[in-house]
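In the two complexes below, chain A is the common chain; its partner is chain B in one and chain C in the other.
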Partner chain A sequence: MATRAFQRLPTAPAGRILMLRLVAIILSLFIIACVLALSGHSPLMLAELIIHSTLGSRFGLEDLALFMCPLLLTGAAVTVCGTIGLWNIGAEGQFYAGAIAATGVALGVHGSALTVLPLMTIAGIVGGMAWITVPTLARAYAGVNEIITTLLLNFIASLLTYYLTTGPWRDRISGAQVSTQRISVSIPEMWGIVHWGFPVAIVIVIGLALVLSRTRWGYEIRIGGANPEAARYAGIPVRLRIISVMLLSGGLAGLAGMFEVAGTVHRLQGGMANNFGYLGIVVAVLARGSCLNVIPAALLMALILDSGIVMQTQQLSASVILAITGLILFMIAIGDELAHYRPLARTTPQGTAAGSKVS
Partner chain B sequence: MNKPSNPNGRAPGTPPVLQLRGIGKFFPGVIANKDVDLDVWPGEIHALLGENGAGKSTLMNVVTGIYQPEEGEIILDGYGQTFASPQDAIRAGIGMVHQHFKLVEAFTVAENIHLGWDEAPRIASPAVMEARTQEISERFGFPVRPDARVCDLSAGEQQRVEILRVLARKARLLIMDEPTAVLTPEETRELFRALRAFRAQGNAVIIISHKLDEVMEISDRVSILRGGRKIGTFNTADCNPSMLAATMVGRDIVRRDMRTRPEGAAPIAPEPIMQLRHVSVRDDRGVETLRDVSLDLHGGEILGIAGVAGNGQRELTHVLTGLMARTSGEILLDGALVDRADPALFAAAGVGHIPEDRLRSALAPSLSITANMALREYAQPPIGRHGLYDATAAGALAHDIAGLAQVNIPDFAMPIRNLSGGNQQRLVARREIRIASRVLVAAYPARGLDIGAIATMLGYLTDLRDQGVAVVFISEDLEDLLNVSDRIGVMFHGRLMSVIPAAGADIATIGMLMGGREPADIQAGAAQ
Partner chain C sequence: MITLLTGMLATAVLAGGVLALAALGEVLAERVGVTNLGVEGLMALGAVSAVITVFSFHSPWVGLLVAIMVGAVGGMVFAFGAVVMRANQVLCGLATTFMGLGLSTALGHNYAGQPVDATFGHVTIPLLSAIPVIGPAFFAQNILIVPIYVLLPALVHFVMFRTRHGLNMRAVGENPAAADAAGIPVMAMRFWYVTLGGAMAGMAGGYLTLTYVPVWSEGMVAGRGWIALALVIFAGYRPIIVTLSALLFGLVTALSFVGQAHNWPIDPAFLNMLPYLGTMAFIIVPVVVWHRMRRVMAAPAALAQPYYRDVR
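Right, the complex of A and B next:
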């Protein structure tokens, strides 16, 4: 008779998850190395190159920080929304909406950075919020699935950006394609090419973690996400909380768009969201619902993105990078699931029965 | 003792449609059925009567192949049978109509009838299925509209679809679980007419019910289950409702008076804390689930609410705790009208609530024990101040509650679902008692607890009473109700049939009220 040798735990200890994720990453790197070797590349050489151009050099670290900045914010946007049990799949669209609003301010308001940057920040946040308003109200008042509404708005935002950057806002000065002109203000740089948006994003993520764990609002959000019925029982206005959380989520993604415009790209470009919104979902999944975990998760994601660019310089196609990303995430998902299992102790009746048979 | 009765007019040698012999079904720590014998004859409507948890549903699940019995045998038409699955039972001609319909709401009636039916034509256009459905509907005398969507049908029509589904699969034994619970009186009459027609063709029906009048009206014989065992089978003609009620609930009740107050206990306050005035509630379908209930809750008093589950107790608890808005009537708290159903407002006014499905609706399973214990007090100091949430203070509160509930907790940060169900219940009870400074509404607080824990729970209630709190104690256990309550109200069909002093309450009377007998009838019966 087949007896189960493993027991599934309802909650996986964090230590086991971390350990199994490391194993998953190492294993996927090994698989990638094998495949690369089979296709005629030298994995060791590539690895050395990647390490040198990411963690191993100042320029690499700067690039990492620039990648992390939007991922931190979109990851936090999805995580915050997930706390109340909702999925914001539309961080990409809210990112664009924030970027568009911020660019609009930059193109329209002429003044010193001290006045224009705060206005751009507000515009970015409000733009992101505006983009999630309809899904929010539909969710709160009509129970419309937010996954679909937020997702579909992404395409509209993306196409709107293409329209603006090829139409009314197109660059008439240098004639760059699918882009506005360079905006006149920018977020000051802090370290090399890393702008102050990066530390601000880190502070925001830490702040959110504190808000969720240390405020009444955060507590109500957590209860509402864990069991809406219990929230109702405790008299928590779940609908209002859903509205506030979703707007916050949209605002965070919009802020990411503003940072990207004012800190990194310095203009609005078609396709500039670069999947940061969708990758925010990946970051949130990796973070397992904890805001603080968003930081290492965003770092890992930034590393993968950066390595991808390095590999593209070595004549590996962009789809290889996607496949590698997928493989790593897939292995991590398996690792997370395995962390729930623990081998049953060997003192089961099965063991003693086998022993008695021998004797 | 157990000789199979053979009602008159049946050819000698006709075997029963269904015979059960010594059926036993056990779940971990629970005997659901034991030594159950049952004979159901062709041309008979057989009622199965019993309290909640008497084992009726388990027995019928055994008969329909959902469960396999650990003991005993099932004999159909004289031949022993084992059902490995519900499909086996359906093939053998046993069909069950559940209390909660198992229909696909978005499908039409014809589609539902044909769903999962091995005789459905391989290529079935809507027209073909609707024609077939029409034919089946006329053959069995249950009128339905084949092209209507199930979600647009009334409960009675949906039930007809369910019955047709079963009959189309050639059922000779129809089992119905509380078929009239969702029906209007007119629909009930129609159902009974159709069931009699079905019986006239030599088929058999088992009907599970709590409603004594209906049992008297529709059934030929009635079997009563209590505590998983069959108490007896009677010819309905020889029965009367009060005798059935007494047999149904009449286990050996040990009356222990827990009404005597210790010295210094708060007396029953003359002014009521909470009052319901003609309160009615309608559900989404427009069905009145609470009808014209008027009630006074006095401090220092335990009001017991008896009744078969599903007769408005849930609505009453929700109205009393602000979870459900009333459709009409008034609610007064300390003499002031409450115009808003807001659970936070009720909790702040000192109304505690141990809900019936506490593990599902009063806890957030994935959150920590600390977070769950703070659910009622997170908004007030020391936990909630200036919009903040003090996790340390919440931890201290959780410690206090766990200590009072005598639950040993190794780690307050672990998800509360890691605790056993019993321990979760105790924590909820203690958490609610903490905030219940004026009123405690306890719905089935002893359910699922062992005897020792039940005694502790009842002790909690009397302690609160002695502190001057108004306690509403909803239970299906008459013994507990009679022992701790000062007054007992009985609910039936959303109505509060009667509120009587518990000290002199007669079990048979309570049983009859639970079965839907009017208080006036009972008095008239007693006077005769």
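Right, the complex of A and C next:
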């Protein structure tokens, strides 16, 4: 009988995870390079072009920051939900809801940026929260799978955006398709086209990390996620914590939508969520449940998105990026599992071998 | 009124067929304890590969066969991650959806918007098609409707609940450790049923572009995979109920078509929301109204849990 050479550990050591993730990403890049080479592109030339135009130019870096801003917030949204063991797959919809609510304020309220921007911020957060309310209550009180309910609302939000931007809110001034007119206020810029939403998003992520690790609320959330039964036994109101965490998650995604409207796109547009909600899931997975890790994870994801722009100039469809992200996510999922395994030393299996001989 | 009803049911049968196939495949995967969240992506791959194949072979049968095979390969990729490597099923499923949606858009780029020239034509079954309302919907549309609504669910139901193999299969989903101890090959069972489920998702995608919407466009699967996943939960993982609920669901979709055709004073965007709103209602309302539903329609006990033989 062959002896087991590996042992599965309940928790994987962080160093091993990091190493296997690097392997996973390199392997994904290798597969992508092979596919590109087969379809007649030169992977090396493309890589050089991508590095040059993302990290090597000021425009590239500005774009990077603009991509990072919504990813930080949607990534944080999925991460906080994950802390209590739930998946918010609906950040895309909450993003739209926040964007719609913020645009509604911007189109309806006339005033200086000092009054309109805070109102838009509140509207964005409330919009995102409102969008996750039904899945939240269904999860907390009836145990309905939140993955599917949050996801279905994405399609409804996207249709609602389409309706508003082609119907009541359509651009009557310049006649742009599936878009509202340019809103009058915007988040001030701090560096080139990078607006102040970017540092604010980073501060929010750091703040969340502190709240989750340093407050009683954060502790209860983590216990509720790690062991719901134990949490209930210890008197933690798990149901209320689920509601508060999911609403917070929706609010964060809604805020991302508001930032995008007021800082980057300056209008409500069909398709403006740009998969930020779905990519937020990838960011959260990369971050492994830690809000601080959301920052480097969002940076990596933004780099991938940024290189998507370069690939589009090389006659590669933008959707290739989604496939690449999927591949990396797949490899990382496998890598994370493999990180749990530890090779057993040569001497240990002898005991089991002897034991099996007796039985 | 009768013509309206007939037309609605005919649309419902077509729209529901796509969901029925995908959902039945997912029932197989979830009954052996694996949640495949990649259905949406596999359907997109099936849909695009059917279109591409038909453009060079001009036969819907070849198109459907390729869609099934592509779906099976996609299912195997997912199963490699989620079953063989035992990685997190939610992540593998989402990754499969991302890969499927991204790849299908990239592959279908040159075919987008071109009508498919060889689709499954009308086949009228004598006698049966003369039944009012039901006849034209079920027996006078395309040849796949009877297999989708009758043969496949009946077969799955029979195998799952009337054979030893079906008992083994359910045992793997309920308690893999016990099944393993009884000598049932847990991993093989999971791998092949997930692959079969993937093949059916691919077939659902192919069926979509070869009958119902005979043109490829980006995002055309439009959440049908996710709706199918919701139907599986709604139907309590039962093959016949899942097929019936897919039909019920087709009716919701048909309602939005009828609304647009008859110029109801509702914007088409809102009518298009009906399937998603309907799905939400489907999975929330029954559980709220009837609390015991949760136990009656409970998921397989080991759903979404990887099986480790060696964890002690």
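Convention: the second predicted complex is superposed on the first by the 344 of 359 C-alpha atoms of A that agree within 3 Å, B and C clash if a C-alpha of one lies under 4 Å from a C-alpha of the other, contacts with A are read in each partner's own complex, and residues count from 1 in each chain.
In the analysis below, a residue touches a chain if its C-beta (ideal position, glycine included) is under 8 Å from a C-beta of that chain, and two chains touch if they have at least 3 such contacts.
Note that the structure is predicted; figures quoted are calculated from it, not measured.
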First, second, both or neither for A:Ile223, with chain B first and chain C second: first
A:Ile51 touches, of chain B and chain C: first, second, both or neither? neither
Touched partner set for A:Thr11, first chain B, second chain C, both or neither: first
Which of chain B and chain C A:Tyr233 touches, first, second, both or neither: first
Chain B versus chain C as contact partner of A:Ser213, first or second or both or neither: first
Partner, of chain C and chain B, that touches more residues belonging to chain A: C
A:Gly167 touches, of chain B and chain C: first, second, both or neither? second
Contacting residues of chain C [partner chain A, same complex]: 37, 41, 77, 81, 85-88, 90-92, 94-103, 105-106, 109, 218, 222-223, 226-227, 229-230, 233, 267, 269-270, 272-273, 276-277, 279-280, 283-284, 287-288, 294, 306, 308, 310-311
In the complex, chain B residues that touch chain A: 322-323, 342-347, 353, 355, 360-367, 371, 374-376, 378-379, 384, 387-391, 414-415, 417-418
Chain C-facing residues of chain A, complex: 4, 7-8, 87, 89, 134, 138, 141-145, 147-149, 151-156, 159-160, 162-163, 166-167, 278, 281, 285, 316-317, 319-327, 329-330, 332-334, 336-338
Chain A - residues contacting chain B, complex: 10-11, 213-220, 222-223, 226-227, 229-236
